[in-house]
Amino acid sequence: MRARVLIRPKAGILDPQGAAVERALPALGFAGVGNVHVGRLVELDVENEAQLQPMCERLLANPLVEDYEVQLLDGGS
Amino acid sequence: MRARVLIRPKAGILDPQGAAVERALPALGFAGVGNVHVGRLVELDVENEAQLQPMCERLLANPLVEDYEVQLLDGGS
Amino acid sequence: MPESAMLPTLDDALALGLTQAEYELVCEKQSRPPNQVELAMYSLLWSEHCAYKHSKKLLRTLPTEGEHVVMGPGENAGAVDVGGGLVCAFKVESHNHPSAVEPFQGAATGVGGILRDIFAIGARPIAVLDSLRFGEPTSGRSRYLLDGAVSGIGHYGNSIGVPTVGGEVYFEAPYEQNCLVNAMALGLAGRERLVRSAAAGPGNVVVLFGASTGRDGIGGASVLASAELGDDGEGKRPTVQVGDPFEEKKLMECSLELLERGLIVSLQDLGAAGLTSSASEMASKGEVGIDIDVASVPLREADMEPFEVMVSESQERMLCVVEPANVAAVMELCEKWEVGGAAIGTVTDTGRMRVLHDGELVGDMPVRALVDDCPLYDLDPHKPSHQIYPPPVATLAGEPTPAQALLALLSSPNLASRRPLFERYDAIVQSRTVRRPEQADAAVLALPASEGEPDVRAALAVSIDCNGRRVAADPYTGTVEAVLECASNLACVGAEPLGTTNNLNFGNPEKPHIAWQLSEAVRGLGDACRALSAPIVGGNVSLYNEGATGPIYPTPVIGMVGRLPDARRAAQMGFARAGDAIALVGAFWPSLAASELAKLRGEALPDGLGRIDVEAVRATQAAVMDAVRTGELSSAHDIAEGGLAVALAECCLAGGLGAEVSVSTSPETALTVLFGEASGGFLLSGERGRLLELAERVPLELIGTVGSDALTISLTDAGEALSVDLNDMGAAHAALGKLF
Amino acid sequence: MKFGVLRFPGSCDEVDALEAARRVGDAELIWHGSRDLKGSDAIVVPGGFSYGDYLRAGAIARFSPAMESVIDFAADGGLVLGICNGFQVLCEARLLPGALLANENLHFTFRQVELEVLNSGGAFTRACALDQCLSIPAKHSWGRYHADPDTLAAMDSSGQLILRYAPGQNFNGSLHDIAGVCNERGNVFGLMPHPEHAVDELIGGSADGLKIFESMRMTVEGVHA
C-alpha cells in the first residue's frame, strides 16, 4: 500500500523557511499569500500500515518539534 | 483558500534522501518498506488559486528536478 | 556482430555533434558504419570536451616539467613534491554548462568531479577553491546563479569534509548568458602511494564501484534512444545530474583504503562521458583492451539500453582494475563502506574496447581509434580590428573625489568583501587551515610536522585568479598578469610556487578572434610559468562559452600551489600594530586602463595593456617572500584590483587599524596613483628599519604609518587627497551581503 | 584517560576530534557498526553528516550499534560529548533535551564565535572560569536550539545551560542564545560550536576549545579545579 506522510513544523515554532517563501512571493508579483509553512513529504510503499505511526515517531518525524499526518493512498496490494 | 503543494524528486532523478530512509527503516525493524521518496511540503493561504501553478514553477519547486502537485484544501477563506 | 538495432545514420552523427568528415573517419576506423553503441561512444570521445580537438596543439607548448613535478598533465590530476615524502595533487575543472542549467546541482557535482580526480590518483583531498563568473548582480538571474552555485559548492564540500579555503568571483556583463563555475581541489599523498589510471594485466578484472547507474546527463545522446523507449516522455530522460556528497564520502574512503591495502592495480574516476571515457582511457593508457558487460552494471532504472549505460554520467562512481585473486577482498571493502561494487569486465590483450550485453557483443572498437584518432584542428587566429566587447555600463558618474572613488570601489561587486560567500563554506575541517579567507592573500594549509622538528610545520599556500576583463583587453599580458598575481599572493604568505594548474574558459575557437584570444593566452601562460619556474601540471579547457550577446571574456583561470617552510610565519594581510611603518615595494607603474575604476566609469576596454617587466616582478616577489619568511614583518599584501588605495583599505579593514599615508604625486595624476593597477606592487608593514633593509634588493618607498581610526592619504605636493573612517570603509566593503 | 571518538561513514570532524583529545589523553576511533566502546572513559560524538543527514540531522545515526552502546554508557554515568552533528545525534537519541532546527538565516554558516561560560562547575567546563569568553568556530546549517519553555526553565534552574553565544554572536537563532547544554545528571554535553577546531593557536588563532577536553580529563581523573 502506498502511504504519504506530511511533516510540518509544530505550531509556535519559528519556521524560517515558511517566512522566507512568504517574503519572496510578493516580490515575484504574487499578492495575497499568507500563513506559509514548509515541511517535509515522505511517500512510501508499506506492507503493514500499522507500522506507519511508530515509523513516524521513531524516524520520519521528530515529535518534539514536528507534527505528522499519515495518508493512505490506495487500498490495493 | 488553503492550498497544499507536494513537491517530489522527478522520476529517474537521484533521490538520496529517499534512499537513505529506505536503507534505515529495515534496520529499525520496519520490514516490507519500499519505493521511498522524500520531498517537500508547502502549505499556504492564497486568494487567487490561479496563481498556484506559476508560483510553483517560479519559486516553490525547481521544475528541472522536481514535480509538484497542488491540492486545494477547502473552499472557504 | 548482430546488428539488432537499426543502424544510426549520418544525421544521427551530426545531431550528436560529429562533423560529416569525422563520421566518415569513424566508418573508416570501424571498416563499417558504427552501430548505436559505437556511435554514442565515438561522439563523446571525439567531442571537444574529451578530445581537446581545438586546444591540444596549443597545450603541447606549455612547460610541464620542473624539479618539483611528480606527475604532469595526462593523469586525472597533476602532482608536485612538497617535501617530507609527500606530494600535493591538484587540478582545476569547469562545470559551466551544468551550472547554467541548474546552479546548485551543477556546482555541487563540479566539486564532486574535481574531488574524484584527486582521490583517483591516490591523494586525500584537503582543500577546495572556487572560481566563479556571473553577469552584473543587478540582474536577478545572476543573483540566482550566484546563490545556487555558492550553495551547491558549500553543500558538497561541507558535507564531504573537505574545506573550501579560497576562491574568487567576478561580475561582468559578458558572463550574463554564460556563467563560469570552476572548482579546484588539492590533495595530499605519500609519494609512493600515487597511482596511475593505466589498465594493466590481461585477465584482470574491471570493477565499477560507488553509486548505481541511472539516466543522468545522457542529454544529447538520447537522440539514439530507440523508438519504443522514446515515447515514454521526458520524465525518462533526466539530464540534470544530482550529486550525493554522502555517497562520495564513502566512495573516497573506500578508494583510499583500497589503495592503502594494495588491492587494486589502477584507478579512474567516472566523469564526463561516464564509463565510455573512463574505460577507454584506462585501456588506452595501458595499451590494452577492455571488455565490459553492461548487464553487470548495477542500475538505478531497470530498462536502460546498452548505450545509455555506457554514456550515463551518474555521479559518484569509480572504476578500478583488480587482480582476480583480490576481487573478493575488494568487494568486502565496498561492503564495509556501504558502496555498491560489481565486476563488469576484464582487461584483454586485444587492444579493443568491446561492449557486451549479457555476453552478446553490442559494440567493438579499436581503443586507439576511440581515444587517439580524433582529428585535431588548427586554429585560425586573427586579432580583431576593433574591441569586440562593448564598454561596461557606467555606475560612477562625473569626476569623483578620491574618497568617493574609494568607497565606490570598496562597495563594487568585484571588490566588496566576499564574506557572505565564504561564510557558507567550511574552511577549517581537517585542522590544517592556518590562513582563512580574508586573513591573507593566499590560503595556507599546514603540512604534517617533520620527524626531526616537531615544532616546525611547513605549509602549502594556494591561490586561484584571473581577471577576465584585463585578459579581454590583452590576452597575452592579461594572462601573464593572472599568473603573476597568483605568485604574488603566494609571496605574501612567504611561499614559493611549485606548480600551476589552469582552466581555459573561452568562446567558440572556430572564430578567428576567439582563436586569437586562446593562442595569445596560452602563449602568456607558458611564458609566465616558465619565468616563475611554476610548470603546468594539469588543467582543463572549456570552449564555446558564448551567449546570444557574444562570447564571455577570455578567462584563463590560474591556480597555483606553493610551499613555505614555517607555517607560523605566514604573513597576514591586515595591519597589526599601530606605529608600524608602511612600505610600498616593487617597481609599481599603475595605469587606469582596464582598471576597476575605469569599469565603474564605463570606459571602453583598451586595446592592449602596458608591458610588464616579468623579471622585475619576479625579483620583487622573491624579496617579499624572503622578508615574510623571517617572520619579522607585521603584514604583507599585494596591490591588485582597485590599486594602491584599495589595497591600503583592505589592510586597514583586515586589521581593524587605520593608516596615515603620503604618496608623491600631483593632483592631475592622483587617481592614477591611487587607483591605477599593475603587477608587482606590494604593501608591507613592520618596523621601519626592518623594512628599509629590503630597499637593498628592490625598489621601496616608506609611505606612511599604521594607526588611528581612518585611512588618510595625502599627496606630497597637494595636501590631503582622502580621509575615510574605518567604519565607513567597512560598511562599503560589506555591500555584497545585500545580494544574498 | 582514554577518549573514544565515534566514526560514522559521513563523519567529517572525527579525526580533528581524535587529535584534539590526544592533546589531553589517549584517544581511539570507534566504528559506528561496532558496539564495543573499547574501554573508553569518555565518548565524543563528532561533527559531520553521520549518515548523510538526509531526513533530519542525526535522525538515522542515533540508531547505530555504536550509539546503542553510548546510550548505555551514558546511563551508567559515562561522559559523552556531542559536537555539532554529535549534539544533533544526542538530541535525537533523547540523551539531551530539545532539538536542533534549521538556522534562522537558512544557510550553512561558518564563523568564529564568542561563547560565554554559564556554568563552570560541571564535568565539561571545570577548566573554565565562570563568565569566561571562549573563541571557538561554529559551522552548521541546523544549529537553532529549541526546547519548550518548561523544559528550558527547568534546565536553567538546574544549571544545564552551559554555554551561550555572546551578544551579537547567535547567527542560528537559538532560543536564549543557547550554544551548549547538558543533561540533568551532567554527564552528557552537546554544543554546536567546534572546540576540537580551537586547540592550536597556529590553526585558527585560538586554543580555547582545549578547555572542554581538559575539563573532561579532570573529571575522569578526579582532578578538581
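Per-chain numbering from 1; labels A, B, C and D assigned in written order.
In this text, a contact is a pair of C-beta atoms (placed from the backbone, for glycine too) under 8 Å apart; a residue touches a chain by one contact, two chains touch by 3 or more.
Keep in mind it's a predicted model, so treat the numbers as computed, not measured.
Here C-D and B-C are compared, and the pair linked by more C-beta contacts is C-D.
Here the spacing of chain B and chain C, counted between their Cα centres, is 36 Å. Centre-to-centre separation between chain A and chain D, using Cα means, comes to 29 Å. Chain centres here are Cα averages; for chain A and chain C they lie 40 Å apart.
In chain D, the residues that reach two or more other chains under the touch definition are 51-52, 54-55, 60, 63.
Looking at chain C, one finds that residues 244, 246-247 touch two or more other chains. Residue positions of chain B touching 2 or more other chains, listed in rising order: 16, 20-21, 24, 28, 38.
Viewed as a contact network, the protein chains fit none of the simple shapes, being neither a path, a ring, a star nor fully connected. The touching residues of chain C, when paired with chain B in their complex, are 101-102, 105, 211, 214-216, 235-238, 240-242, 244, 246-247, 300-301, 314-315.
Considering their complex, residues 2, 4, 6-8, 21-22, 24-25, 28, 30-48, 51, 54-55, 58-60 of chain B touch chain A. Touching chain A in their complex are the following residues of chain D: 55-56, 59-60, 63, 92, 98-99, 101-106, 144, 146-148, 173. Listed in rising order, the residues of chain B touching chain C in the complex are 9-16, 20, 62, 64-65.
Here chain B touches chain D in the complex through residues 16-17, 20-21, 24, 27-28, 38, going by the rule given at the top.
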